[in-house]
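In what follows, chain A forms one complex with chain B and a second complex with chain C.
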Partner chain A sequence: MTIQVPPVGFVSAGTLEEAARLVSDPDDRAVLIAGGTDLVPKLKRHQAAPITLVSLANIEAMHGIAITDDGACVIGALTTLSEIASSPDVPTMLASAAATVASPQIRNSATIGGNLCVDTRCNYIDMPLTWRQARGHCLKDGGDTCWVAPASDRCWAISSTDLAPVVIALNASVRLVSSRGERVVTADSLYRSDGINYLTKTSDEILVDVTIPATTARTSFQKLRRRGSIDFALLSVACAVDVDSEGRCDTARIVVGGIASAPVSATDAEEFLVGKQLTPEVIDEASEIASKPVRAQDNTDTGQRYRKWMISVHVAKALTEAATERV
Partner chain B sequence: MTESILRLTVNGALHTVVTSSHRTLLEVLRKDLDMTGTKHGCDLGECGACTVLVDSKPMLSCITLASQVEGREITTIEGLSDGPFPDELQTAFSELGAAQCGYCTPGMILSSRSLLDTNPDPTTDDINEALAGNLCRCTGYVAIISAVHLAATRTLGRAE
Partner chain C sequence: MHAVGTAGPRIDGMEQTMGRTKYTDDMTLPGMLIGRLARSTQAHARIISIDTSAAEALDGVKAVLVGTDLPITYGILPVSQDETALAVGKVRHVGEPIAAVAAIDAETAERAVDLIKATYEPLDTVASIDGALLEDRDLIHGEGKGLNVHRTAALEFGDVDEGLASADHIREDVFYFAGNTHAALELHAALATAEPGGRVTLWSSTQVPHYVHRTLAKVLEMPAGQIRVVAAPVGGGFGGKTDPFSHEIVAAKLAMVTGRPVKFTLTREEVFYAHRGRHPVLMWVKTGFDTEGRITACHFKTFLEGGAFGSYGAASLYYTGALQTSTYQIPNYRFEGVRVFTNKPPCGPKRGHGTPQPRFALECQLDKAAEDLGIDPVAIRLINAVEPNSMTVNHLRITSCALSECIERVAEASGFKEKFENLPAGKGVGIAVGAYMCGAGLPIYFNEMPQSEVQIKVDRGGGVTVFSMATDIGQGSTTMLATVVAEVLGLEPSDIAMVTADTDLTPVDLGSYSSRVTFMGGNAALEAGTAVKDRVFAAVADKLGAPIESLVAQNGRIEDAEEPDTGVSWAEAVALAIASGGPLIESGSYRAPKLAGPYKGAGVGISPAYSYSAAVVEVDCDPDTGIVTVDKVWLAHDIGQSINPLLVEGQIEGGVYMGLGEALFEADDFRGALHRGPSLLDYKMPTSLDMPPVEAILIDSDDPEGPFGAKEVGQGPLLPVIPAVANAIWNALGIRMDQTPFTPDKIVAALRDVARGKPGRFGPKEVPAFEFPPLIMVEPPEGFPTGRIHIEVGVS
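Moving on, here comes the complex of A and B:
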């Protein structure tokens, strides 16, 4: 039996202005599509019901990677994850994180813009429609109960983008364009800890490009999942540390994805590291501090306590690798 | 339901298809074009059975709408052989018995074709990575990897 995409129109926008106009009125229920690797399965599972899909693929200006005069890396939102994984121009941590997303076939279609905007996931929403009807629709599905935390009035679906922790740790910004104008926001402020309204980007705004400033930071990306391919991350950790000539930490960024409805910055651990040598003891303590405030929910593969424990394990791995990275 | 006219280049031939705009590439290939070499597996982008090449790169036809690939070069398993002469990979797969039920085979061969086109002398790690999105549930991976090595060796031997 084929799981079909429900009827929906398809328009390919030739320019950014045209795309912005086509999604400007929420009543039109027009939804943007880039690679479609997140959206098409969601359409098949009846998790979204747009009237029209507006394809961005033919907007030339949104493709490709450029380095500005001040060394910043500007990546068009339609650049595929394969292109990023094999690019010598993007920060190493971004290339290595892109190379771990999903499978080779998906990385050939999936884009960085799509990955940064990837929908939040949960055991109760990523299910066929008949299952959800039998169970009762959850909050994200238009129902009135969150099945993960029934006493809660919010949705706890998980942010599963691997690249968001990376670009946040690298202090990137994103450019959002709509028919109302343009704004640039920090990658960090693109996200909101709410499983339903997980982006601060409005539905008429198009994420056009990502700018990563030049950096001297030592970095590392670590990811936990059951299989080495295809699976979404159960945890992804991006670390960027600047070390002075004495080996002391000047600044540290530790961002954890796959554990809450938005990427989580481990600010207490970041502050703890400043001014310290990255010795194994300091790294151990920082990784404990990083996992402490996180409360994992029981809404994905593997148990909550295991995933919370794994935060400290993966933060320690990332800090150890970053501390020894040659720059 | 929105009908649309799609112009798809499949295995070098231009096909004009009148179809619903929400049809996936997999449905258009199998139902509209009657090319059933591309297999219909999980339907949600998790198994790799539906792999086709789009501009020489493997992609999943079950989660790609046909409308998305208008104007691009699509290669399916039917397009790999040269008339009666199979691709070097097809020969190696059959010689080494690198198929059991055969359902994953078209996808495995297309992912391997894309690998050998860009990396004619791959290591076992390269092959493992290139096939990381193709599942075989008859556990035939060892023979599959040997077959890709064999095809690579033969192609290189011929080139020398």
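Moving on, here comes the complex of A and C:
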């Protein structure tokens, strides 16, 4: 049987202001829906029980890609991943990362705003209801224990957005609008390492667009997954390095996704690279440094030991590819 | 032959491709209710109470059932009547049905299920083979504590100790084959109605309407004649729809209770709990070889994790020991096996039923022996290959057999020898073989009746309708039957109307399992078609004044081969036959020759014929990530004779696909007794985009007893694929994957071991110290290995 979506109200907002008003009072239990590819399965599995869905789909101002006078790329939150994957105007790394998300059908519906806000995942929560009843509801599911780390008082669900590491590595910012006003925050600061409260955005704020400043960085995105056709990342790495005329690294950004509750910036490795030539030896050393502080949890496919091993492998792949990228 | 051997679309292909086929879940009847099952959230527990009062009080709920409403036990095998439609007294795995509701719509039914409250007293959870072999755990079946052993087997053919003593080289290896599931695209569904007069009709996505019919009669305590079971078009089975299921019985009972039609369609999660998939099997194999690689003896131990019920398990156990001898001449053979119960969804038959696991072990061990002895992997298989018209040491009768040709052809087409020695690091090729039965030699319940019956009725206008209970599960059995009859009558397959899989309308065929339908149903259709042809020819001979022997059926006409101009059209010929002999209704049947050897367990593995396959797989492995990409698969299959080569190739591609999934991706992993991910997101199956090209090579060995010489293709081609992948990974990376699936984490772990100077291998190290029962010593067949082979001439 196709699992039913439980009964829920549905309102399509015509303007940003209307949408902001509709989600302004938490007591209304109204939640935003764009492509629906993350939310609808959760509704079917009874992981969320909103009273009303507020659709953003008809807000024209939130669609599309524009280039500003200073060369920044501004992407409306409702721009679909298919549009981004095939756009010549967005940074190459963003297009190639978007092309690895899910399947063509899902990319046609899923949006960049939705991907940046996609819920954290864990194989104790992203399960059917009978399974969760048999296991006992976990912390994120209304219970009082995180089954991944029962001694811990927090939730260890994993950030599984493929695009967040990319926009963080590209020093992007996002614009958040609510009925209280508007603020712009760095993409990096949008995330918090907590599987339940994984965003610093409040529930009444709407992510309206993403701005990626012009860049000369060499970039690479690497994603580890079981099937090349469709799968969430077991690990993703986005890196952006600026090199001077001598081939020395000016600045480096290395962001690891899919391994913790928020994207992880490998700051020690970034600092290590500054001023160095990107030789294979330097890349190997930087990769080892990048993998050191990250712990993998046993809450997705394949063992945690393997995912830990793969961090340095993928950081090295990303740095190697970036070092040889033509710009 | 004009129809047989011609590649063409399925006769129901257009309907399916256009989405017009009505599967069970597509059906709706007036007043229909929706049924849902409440399921256990406990792995092993005594049921203290089940409170259904709130569910019954819910508006729109028409009936609620619990276990005591359907207390009669059943099970697919007469020796394992250990299931009830809804749990009685205790629950044995998470997801076991404990209650059922029928309501006016799905939403109400779902809410009613949530309102059913069960209380339990937990029992010990048994979640592994090792756990089942502890003596102090609560029994899953029976009272008290003890070993959770379901069945054991211990057989010896010839003298294994002597065979090993004479060996120049002996290998001992341990392997583990992970459990996995069918994941047919169509979810299990059933729709039942009950007439006021008492007759019950059940439409179901089943592979075995006859066995479902028998089970309903037993559990509902009704005469079989009051029950009609129809297998609606089935959207994939692979063995997963070969048991009678809770939802089928409950749908019928709820229809009787409410007087309204009731439909159940399981969710994907529920299908994972209904299961009956591939058994996880731990294996220990000790084999002796002479210096040229000839096998002198083989000792095989298997440990099967059966899950919570018997299902086909008693047969599955013997299948893990039965077919090793069907491909290689093993002069001395010992098989010891044990199947245990655990608190997990019940295992059963999946494509290859009990044989892919030992095939994986045997083919990987043979590859290692070849390496030890400095023989190439092709040569060691050829030197041991079974020959046509021979007996195996465990009394299997081998008739047609093109195994050697399969090996040679697939090695040649793939360029195996050059690639094996010359591919760069990271790339590799592997080879393996397999064999499978063309139908189990014995029916599931003992009886002397035919295993397949076919009836043909010819209309006065010449229309031919074939009636058969053979169930098309996507493999194309309906097209096969139409092709056989069309061939005999000189018509086209598309001329034949097919009525199938309906216990009211069609004579019995035991079902679509054990790759039996082409061989058995095809022979029954051949006999029925021949009976129709004989009547028509007699009438036409009389009319034309021509001898019957000179008549031929071709191009929709019955003609005198000597004087083609004098023939009559098929319709005229039919009118003549009806005028002279009354209704043109004939039937045919098939029963397999009696082949069982003189020992307990000999009924498993015997078959009137065996198909043979050999596969070469080429892989490209990333040593950094452990990800294996399959570049191409070559598969040669001894089909006997293709009834329809297009469908044969489709089955080969499907078998390769499923084999690659089991090799690289799929496993039913558990956290304790709880499935790690009962969904198609977490249970990793390859998609069409992950599928490499497949080159199918069809080899005709013209089986002496098959219809037009045909043999099976539904299951055999899966078998060699899994070990061929493992052997290719060895060739690419120098590591041995002795445990499925060959996931990237296992590969990287083995490579890291190599880097630290350890053996490059991933797999179990030992098997439990289980005391098997005393061996039953069986003499090899008279004159082994050649002996006297009896081949049935014609069909029964």
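The rule is simple: the second predicted complex is superposed on the first by the 327 of 327 C-alpha atoms of A that agree within 3 Å, B and C clash if a C-alpha of one lies under 4 Å from a C-alpha of the other, contacts with A are read in each partner's own complex, and residues count from 1 in each chain.
Methods note: a residue touches a chain if its C-beta (ideal position, glycine included) is under 8 Å from a C-beta of that chain, and two chains touch if they have at least 3 such contacts.
Just so it is clear, the structure is predicted and the values come from calculations on it, not from any experiment.
Novice: With both complexes overlaid on chain A, does A:123 touch chain B (first), chain C (second), both or neither?
Specialist: A:123 contacts chain C only, not chain B.
Novice: Classify the contacts of A:4 with the two partner chains as first (chain B alone), second (chain C alone), both, or neither.
Specialist: both
Novice: Please indicate which partner A:15 is in contact with in the superposed arrangement: first for chain B, second for chain C, both, or neither.
Specialist: Touch partners of A:15: none, neither chain B nor chain C.
Novice: Touch test for A:279: chain B only (first), chain C only (second), both, or neither?
Specialist: Once the two structures are laid over each other on A, A:279 reaches no partner at all.
Novice: Using the touch definition from the top, say if A:229 reaches chain B (first), chain C (second), both or neither.
Specialist: A:229 sits against chain B and chain C alike.
Novice: Would you sort A:310 into first (chain B), second (chain C), both or neither based on which partner it touches?
Specialist: After superposing on A, A:310 lies in contact with chain C but is clear of chain B.
Novice: Touching A:186 in the superposition: chain B (first), chain C (second), both, neither?
Specialist: So A:186 meets neither chain B nor chain C here.
Novice: Which positions of chain A sit in both the chain B and the chain C interface?
Specialist: On chain A, the residues that contact chain B in one structure and chain C in the other are 3-4, 6-7, 228-230.
Novice: Mind pulling up the chain A residues that touch chain B in the complex?
Specialist: It comes out as residues 2-10, 12, 33, 36-37, 40-41, 43-45, 53, 55, 57, 82, 102-106, 108-109, 228-230.
Novice: Per the contact definition, I'd like the list of chain B residues that touch chain A in the complex.
Specialist: For chain B paired with chain A, touching residues are 1-2, 4, 20-24, 27, 40, 43-46, 48, 51, 54, 57-60, 63-65, 67-68, 70, 111, 129-130, 132-133, 135.
Novice: Chain A touches which residues of chain C in the complex?
Specialist: 25, 39-43, 94-95, 106-107, 110, 187, 265-267, 269, 624-626, 665, 671, 674-679, 681-682, 684, 686-690, 743-745, 748-749, 752
Novice: So in the complex, which bits of chain A are touching chain C?
Specialist: Result: residues 1, 3-4, 6-7, 123, 126-128, 130-131, 133-135, 224, 226-231, 301-303, 305-306, 309-310, 313, 317 of chain A touch chain C.
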